[in-house]
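Shared between the two complexes below is subunit A, which has subunit B as its partner in the first and subunit C in the second.
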Partner chain A sequence: MTETLFEKIWNSHVVVERENEPSLIYIDRHLIHEVTSPQAFDGLRVNNRKVRRPDLTVATIDHNVPTTDRSLPMIDETSSTQIKTLEQNCQDFGIKLFGINDPNQGIVHVIGPQLGITLPGSTIVCGDSHTSTQGAFGAFAFGIGTSEVEHTLATQTLWLEKPKTFEIIATGKRKNSFAVTSKDIILSIIKQIGTDGGTGHVLEYHGDAISDLSMEQRMTICNMSIEAGSRAGLIAPDEKTFDYLNNRKFTPKNYDELVDDWKNNLMSDANSKFDKSFTIDVEKIEPQVSWGTNPAMVSDVTSKVPTPEEFGHNNEIQIESAKKALSYMDLKPDTAIVDIPIDRVFIGSCTNARLEDLKDAAEIVKGKTVNSAVSAMVVPGSQMVKLQAEELGLDKIFKDANFEWRESGCSMCLGMNPDILKPGERCASTSNRNFEGRQGSGGRTHLVSPVMAAASAIAGHFVDVREWC
Partner chain B sequence: MIGDVIKYEQDNIDTDVIIPGTYLKIHDYNELATHAMEGLDPDFPSKVKDGDFIVAGKNFGCGSSREHAPIALSTCGIKAVIAVSFARIFYRNSVDGAFLLPIEVDEETYKKISNSDKLEINIENNEIKNITKNETYAMKPFSEIIAQIISAGGLFKYKK
Partner chain C sequence: MKPFSKIISIITPFDKANVDTDQIIPKQFLKLITKSGFGKFLFYDWRFNHDGQKKTDFILNDSYYQDSQILVTNENFGCGSSREHAVWALKDFGFDVIISPSFADIFYSNCFKNGVLPIILDIQNIKKLLQFKDKVELDLHSQTIIFGSESITFEIDLHRKIRLLEGLDDIDLTLKEDDKIGIFEKNSSRISIFE
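Moving on to the complex of A and B:
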C-alpha cells in the first residue's frame, strides 16, 4: 500500500489508535513562548503534575520583547510580567530557555530550524499557529492551543483527529527568481484555494518549483500554510534540507545515520493518494500585494484593486466582505496597485526575517534612501540572524538608507510590543496576516515579499520590483 | 441549551478581531473578556448576556492559535458559536477547554437565523430550534472524537 509523507510520519508516531476515536500521537519536540504557556503551567501546578520531558521542550521569548535597546528596563509592565512568568516557569520545571539576553533568542519558528531542533520526520508542536513553518524540513509541525500545550507538557502526547492530505504541485520556473519570491508563490496559492481551502488538511508541496527553493524560502511557504486554513504544511526533505541542518547546535550526534534513514523513507510514495490536489504554474506568477483584510485578498502588482463584484463573483457574502475590507483599507476599486502610497515598512516576522530575506532586501536598498514620507524598520527573526547580517554589513546598508535596525522578535507582525501602526497608517509588511487591527488598531497592512517591501520603502508606494533588479 | 443570537453576517472572523494581540498579555479571564470582539464590535461586552450564541459565516476563528479567543467569548457568557465552518485550531481550543460549543450549520440555516432570535440547541439529536421563528434546523453532528471530548468536559477529563 502506498503512503504519503504525512501518513508515514503520522503512523510512526501513533501511540494508540482505535476506530472512531482520536489517535494518541507522540510529540518529539515542544517549543514554548511567553504568550500561550502561562495558563498551561498554572494547570500543571494546580494538578500537581510535572513536565514529562523537559529535555524535549525548549522555550524562548519573542512576542512581547522590545526590539529597542534591551539594556534598558521594559516600559510595559504586563509584558514584563509575562516574560518573568515564563522565566520562572522554565526554572521551576527545568526547561531550557533562550531568554531575552541570550544570543540564541529569536522568533520561535526561526530558532527551531536554526538550532537544529527541527528534524525531518519528527512531530513538533508549539502554542502558535505559525509552527507550520517547520514543515519545510519534512516534519509534521503544527500550532496548538494552551490546553494542548498543557497536555503536551504533562504527557508528551496529544489526542488528534487524523488530518486529510492535500498536495500542492508547483511546476515551472519563476521568470525572475529574485523579484518573484516564495512569498509570492504562497500568496498566489492562498488567493486561489482561499483562506479555508486547506481546512482539516495537511498541505504537501512538491514539484520542480519547490525543489528549486532554498530552505529559507521553503519555510516562507510552509509558514503561511495556516493562512489557507490547513493544519500544517509539509515539504519532503532533500539534500538542501540535510545540508541546512548539519552542524547546528542541537544536531544529533548520529546525524549521518539519520540522514541515510530519512533518504530512504521520508517521501510520499509514487502514486500515493491525496484527498485533494491543486497545481500551480509559477512561471505565471507576478510579485503580489494584498489589498484587503485577509491573505486571499491579493493582487498582481501590475493590476488594480478589484471591485467587490470582481472579487466576490456572485457570492453576496464575499462581495460584502470585499466592500468592508476596501472601506477599512481606505482603497477605491480600480486603483492601480503601484499608485498606493505607504507610510510604514516592516521587514520582519517568522514569515520573512531570515538571513536570505534580509540579504535580498539589502540588495534593493543598497545606495538608496527611504522615501521621506516613509518610516521603515528591519527586525531580524533572531539574534543570530541579526549577528550574521551584521557580519555581512547589512545593518550598515539599511541604516545608511534610513531604515531602523532593531533587535529580534515578533514585533510589528502582531502588535504586542510597542512596535505598532497608528490608526490609519498604511504599511508594506513582510508578515503573514493583514487582518483588521493586526499591526495596531486601525492600522492597514499590505502583505508583500522582502524585496517588494524594500523597493516600496524607497519609492514611497508599491512598485513592480522586477524592474529594480 | 436556550439563548439569544448575536449575528455577524461575515466570513473569516479572525482571532485578531475576537481578541486583539495587545491583550494577550492579560492573565485574568474577566479582564480579557472586557476586550472580546473589540476589533469587530467594540459594544459586544456591554450587549452580550450569559447564555447568548454567536452566529457567523465561514472560517470562524481563523488565524492565531490563541486560546484567549474562545476564553474571552466564553467568559462573556457565550455558550456556542454557530457558523458555516470553523478554523480548526479555534474549533479544538473551544472543545479542549470546554469553553463553548462550536456548531456547524449549512449556509441556508445560517441565512435563516436572524440577530436576536431565540434558539434552543439540542446536541443529543443534532437539532437547533428557532423559538422566535418556530423553525427547526439540522446542525452538523460532531465527529465521534469531538463528541467524546465534549461529553467528557474537555481534554483533561477525556481518557483520564
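Moving on to the complex of A and C:
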C-alpha cells in the first residue's frame, strides 16, 4: 500500500492506537518559549510531575524580548516576570535554555533549524502556531496549546486525531526569482484556498517550483501553512535539506547514517493518495500585497484593492468580512495597490527574518535612503542571523539607509514587546498575520516579502519590486 | 476539571467569520503567568474604546446576554495563534459552549482541555440559533440542543465526549500508558538533542 510522507512519519510515531480513538503520538522535539509555558510548568508542580525527556526539550525567549539594547533593564515589568519565570522553570526542571544574552537566542522557529535541532522525519511541537515552519525539513511540526505543552512535558506524547492530507503541487518557474519570492507563492496559495482551506489537513508541498527553493525560502512556505488553517506544512527532504543541517551545533553524530535512511524513506510514495489536491503555476505569480485583515485578503501588486463583492463573490459572509476589513484598513475599493502610502516598515519575524531574507532586502536598499515619511526597522530572526548579517556588512547597508538595526525576537510581528504600531499607522510587514490590531491596537498591516518591504520603505508606498531588479 | 453538565441558557449571537485568537485575547494580556482572570480582557479591542470605556454597541456589553453560556458564531472561529489564553478568556467570561460551522484546529483542541464544548453545526442550524432569543437546553449526554419546539442533534467524538462528561485529566489517563511509552522509547531510541 502506498503512503504519503506524512503517513510514514505518523506511523513511525504511534505509541498507542485504538479503533475510533485518537492515537498517542511520540514527540521527538519540544521547543518552549516564555509566553505559552508558565501555566504548563505550574501544572507539573501542582501534580508533582517531572519533565519526562529534558534531552528532547529546549527553550528560548523570543516573544517578549526588547529588541533594543539588552544591557539596559527591561521597562515592562510583566514581560520581565514572564522571562524570569521561564528561567526559573528551566532551572527547576533541568531544561536547556537559550536565554536573553545567549548567542543562540532567537525566534524559536528560526533557531530550531539553525542549530540542527530540527530533524527530518521527526515530530516537533511548540506552544506556537508557526511551529509549522520546521515542516520544511520533512518533519511533522505543529503548534499546540498550553495544556498540550504540559502534556508533552510530562509524557513526551500527545493524543492526536490523525489529520487528513492535502497536496499542493507548485509547477513552473518564477518569472523573476529575486523579486517574486516564496512569500508570494504562499500568499497566492492562501488567497486561493482560503484561511480555512487546510483545516484538519497537513499540507505537503511538492513540484519543481518547490524543489527550486532554498531551505530558507521553503521555511517561509511551511511557516504560513497555518494561515491556510492547516495543522502543518510539509516538504520532503532532499540534498538541500541534508546540506543545510550538516555540521550545525546539534547535528547528530551519526548524521551520514541518518541521511542514508532519510533518503530511502522520507518521501510520499509514487501514486500515494491525498485527501485533497491543489495545483498552482508559479510562473503567473506576481509580488503580493495584503489589503485586508486576514492572510487570504491579498492582491497582485499591479492590481487594485477589490470591492467586497469582487472578493466575496456570492458569499455573504465573505462580503461582510471584506467590508469590515476595508473599513478597518481605511482603504477604498479600486485604489491601485501601488498608490497606498505607508508609515512603517517591519522586516522581521519567523516568516522572513533569516539571513537570505536580509541579504535580499539589503540588495534593494543598498545606496538608497528610506523615504522621509517612513520609519523602518530590521529585526533579525536570531542573534546568529544578526551576527552573520553583520559579518556581511548588511547592518551597515540598512543603517546607512536609515533603517533601525535591532536585536532578534518576535518584535512587531505580534507586538508583545515595545515594538508596536500606533493607532492608524500603516505598515509594510514581512510577518505572517494582518489581523486587526496584531501589530498594535488600531495598526494596519500589509503582508509582503522582504524585497517588497525594502523597496516600499524607499518609495514611501508600495511598488512593483520587479521594476527595481 | 469539572464534569460537563446540562446547560440551560440563552444564546449570544455573534455573527462573525474568521474570528482570530488575536481578537479573542489581544497580545498585551498574554503576559500573565496564571490561567485565571482572562475574562475581563475577552475581545478587548472590540469591547472597549481606547479610553477604556465600554463600547455600547458591542453585543458582549449588552446586559441582556450577561449570563449567557453559549456563543454562536460563524466559520473558522479561533483561527491564528495557538494561544490557549483565548479559551481561558471565553471560559472565564462565562462561555461553556461555542457553536460554529467550523473551528480552527488548535483552538478546537484547546477547548476540550478546559471544559469548553465546541459544537460544529451546519449553516442552516447556525442561522436558526443566531435568531433564537429564548433559553435553549443543551445536553452533551444525548448530544441535543432543544430550542422552542425544535431539536438539533450534534456530532462529537465519543472519546472527547467522555472526557468532558467525566472531567478527566488527560495527563492522568496518559500516564496509565506509561509502560507503552517506555517500550516505544526502548524499541526506537530517540535522538537526544545533546548527545
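By definition in this document, the second predicted complex is superposed on the first by the 469 of 469 C-alpha atoms of A that agree within 3 Å, B and C clash if a C-alpha of one lies under 4 Å from a C-alpha of the other, contacts with A are read in each partner's own complex, and residues count from 1 in each chain.
The rule is simple: contacts are C-beta pairs under 8 Å (C-beta built on N, C-alpha and C of every residue); 3 or more make two chains touch, one makes a residue touch a chain.
Keep in mind that this is a model prediction, so the values were computed, not measured.
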Once both complexes are superposed via subunit A, do subunit B and subunit C end up clashing or fitting? clash
Name the contact category of A:Lys253: first (subunit B only), second (subunit C only), both, or neither. second
Go through the superposed model and pick first if A:Ser327 touches only subunit B, second if only subunit C, both, or neither. neither
A:Leu56 contacts which: subunit B (first), subunit C (second), both, neither? second
Contact-wise, after the overlay, does A:Phe435 reach subunit B, subunit C, both or neither (first, second, both, neither)? both
Could you look at A:Gln156 and tell me whether it touches subunit B, subunit C, both or neither (first, second, both, neither)? second
Thinking of the overlay built on chain A, is A:Gln91 touched by subunit B (first), by subunit C (second), by both, or by neither? neither
Please work out whether A:Asn101 is in contact with subunit B alone, subunit C alone, both, or neither, and reply first, second, both or neither. neither
Classify the contacts of A:Asp28 with the two partner chains as first (subunit B alone), second (subunit C alone), both, or neither. second
Subunit A residues touched by each partner, larger count belonging to subunit B or subunit C: C
Looking at subunit A, which of its residues have contacts with both subunit B and subunit C? 20-22, 35-36, 38-39, 43, 47, 63-64, 76, 78-79, 81-82, 85, 127-129, 143-148, 150-151, 159, 161, 195-196, 199-200, 229, 231, 294, 317-318, 320-321, 414-416, 433, 435-438, 441
Can you check the complex and tell me which residues of subunit C touch subunit A? 16-18, 20, 22-23, 26-28, 30-35, 45, 50, 74-76, 79-85, 87, 102-106, 109-110, 113-114, 157-159, 170-171, 174-175, 177-178, 180-181, 184-185, 188, 190-195
In the complex with subunit A, residue positions of subunit B that touch it: 9-12, 14, 16-17, 20-22, 24-27, 39-40, 57-59, 62-67, 85, 87-89, 92-93, 96-97, 143-146, 148-149, 154-156, 158-159
What does subunit A use to touch subunit B in their complex? 20-22, 35-36, 38-39, 43, 47, 63-64, 76, 78-79, 81-82, 85, 127-129, 131, 143-148, 150-151, 159, 161, 195-196, 199-200, 229, 231, 294, 317-318, 320-321, 324, 414-416, 420, 433, 435-438, 441
Which part of subunit A faces subunit C closely enough to touch in the complex? 12, 15-16, 20-22, 24, 26, 28-29, 35-36, 38-39, 42-43, 47, 49, 52-53, 55-58, 63-64, 76, 78-79, 81-82, 85, 96, 117, 119, 122, 127-129, 143-148, 150-151, 154-157, 159, 161, 163, 195-196, 199-200, 226-227, 229-231, 250, 252-253, 258, 294, 317-318, 320-321, 414-416, 423, 433, 435-438, 441-442
